[in-house]
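Each of the next two complexes has chain A plus one other chain: chain B in the first, chain C in the second.
And now, the complex of A and B:
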């Protein structure tokens, strides 16, 4: 499967996907860490995440997928939401909590 | 803009990059640009090994009116072009219209 198809499958088969540097338990970048903390503050302690540092093809591919040059990137129900600044803004306005309504953490 | 010159001291390359960023962002007709170099805060972390720099940008332009935050950021990324893929490792953005500033305390 080519990387664009793989990303497409990841974001459509999981309600929430965070492409980040490191893992939620051990983020490797302050922006990724903030993104994790925001999702956790939205009552989503667990979510599907992809560590781009482990996969150079995804690290490059995700920037092409949504034509967005930075990481982290958040997808909800297959839609690109934004990066860390946008997540923070949407969290403070309550928009992010609304988007995440009805989404349960994976088992 | 000439490429980063390894002969030059680090701060001179950083200054040249900031001038180039300001120049490219001027295509958005900003009333105000505040560009803060945060690189020192991120020195040495795993994601920053390619040596790109970290910036915080606050930019005010009437051109952001009617655009979502996502689309404001896209305009900025387009203006900065290839710098986003090379010399800028991270950019934190606060993009506002003049009206939004006036309505804030």
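And now, the complex of A and C:
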């Protein structure tokens, strides 16, 4: 499977996907850490995440996928939501909590 | 590595801005961009407009991160009160 198809499958088969540097328990970049904290503050302690540092093809491919040059990137129900700035704005306005309504953490 | 003046110049050359502030150094920069060209665009599209101007610098690794606030003059006047 090529990387664009793989990303497409990841974002459509999981309700929430965060592409980040490191893992939720050990973020490797301040922006990724902020993204994790925002999701956790939205009552989503667990979510599907992809550590781009472990996969150079995804690290490059995800930038092409949504024409977005930086990591982290958040997808909800297959839609690209944004990076760290947008997550922060949408958290403060309550829009992010609304988008995440009805989504439970994976088992 | 880029400096804030370079980033500011590139944005100013590609986008008509009412207000444009860029600060930061090294790997971390922040920008406030107020432009009428953002009208009718969502948050993602607005940041894409700015990022696309800087694309070659992101691709080369010269620019690592640019946090930004992208708003229209109308939104700016509301924010300022």
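To be clear about the criterion, the second predicted complex is superposed on the first by the 107 of 107 C-alpha atoms of A that agree within 3 Å, B and C clash if a C-alpha of one lies under 4 Å from a C-alpha of the other, contacts with A are read in each partner's own complex, and residues count from 1 in each chain.
Throughout what follows, a contact is a pair of C-beta atoms (placed from the backbone, for glycine too) under 8 Å apart; a residue touches a chain by one contact, two chains touch by 3 or more.
These figures come from a predicted structure and were not determined experimentally.
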Worksheet item: Just chain B (first), just chain C (second), both, or neither: which does A:68 touch?
Response: both
Item to complete: Count the residues of chain A touched by chain B and by chain C, then name the partner with the higher count.
Response: B
Discussion item. Applying the document's definition of touch, where does A:22 land relative to chain B and chain C: first, second, both, or neither?
Written reply: first
Item to complete: Look at A:82 in the shared chain and tell me whether it touches chain B only, chain C only, both, or neither; answer first, second, both or neither.
Response: both
Item to complete: Look at A:48 in the shared chain and tell me whether it touches chain B only, chain C only, both, or neither; answer first, second, both or neither.
Response: neither
Discussion item. Once chain A of both complexes is superposed, is A:31 in touch with chain B (first), chain C (second), both, or neither?
Written reply: both
Worksheet item: Do any residues of chain A touch both chain B and chain C, and if so, which are they?
Response: 31, 63, 67-70, 80-86, 89-90
Response to the item:
chain A partner, complex, touching residues on chain C are 43-44, 47-48, 51-52, 54-55, 58-59, 64-69
Worksheet entry | Complex contacts: residues of chain A adjacent to chain C | 31, 63, 66-70, 80-86, 89-90
Worksheet entry | chain B - residues contacting chain A, complex | 41-42, 45-48, 69-70, 73-74, 77, 84-85, 90-94
Fill in: Touching residues (chain side chain A, partner chain B) in the complex
21-22, 28-32, 53, 63, 67-70, 80-86, 89-90
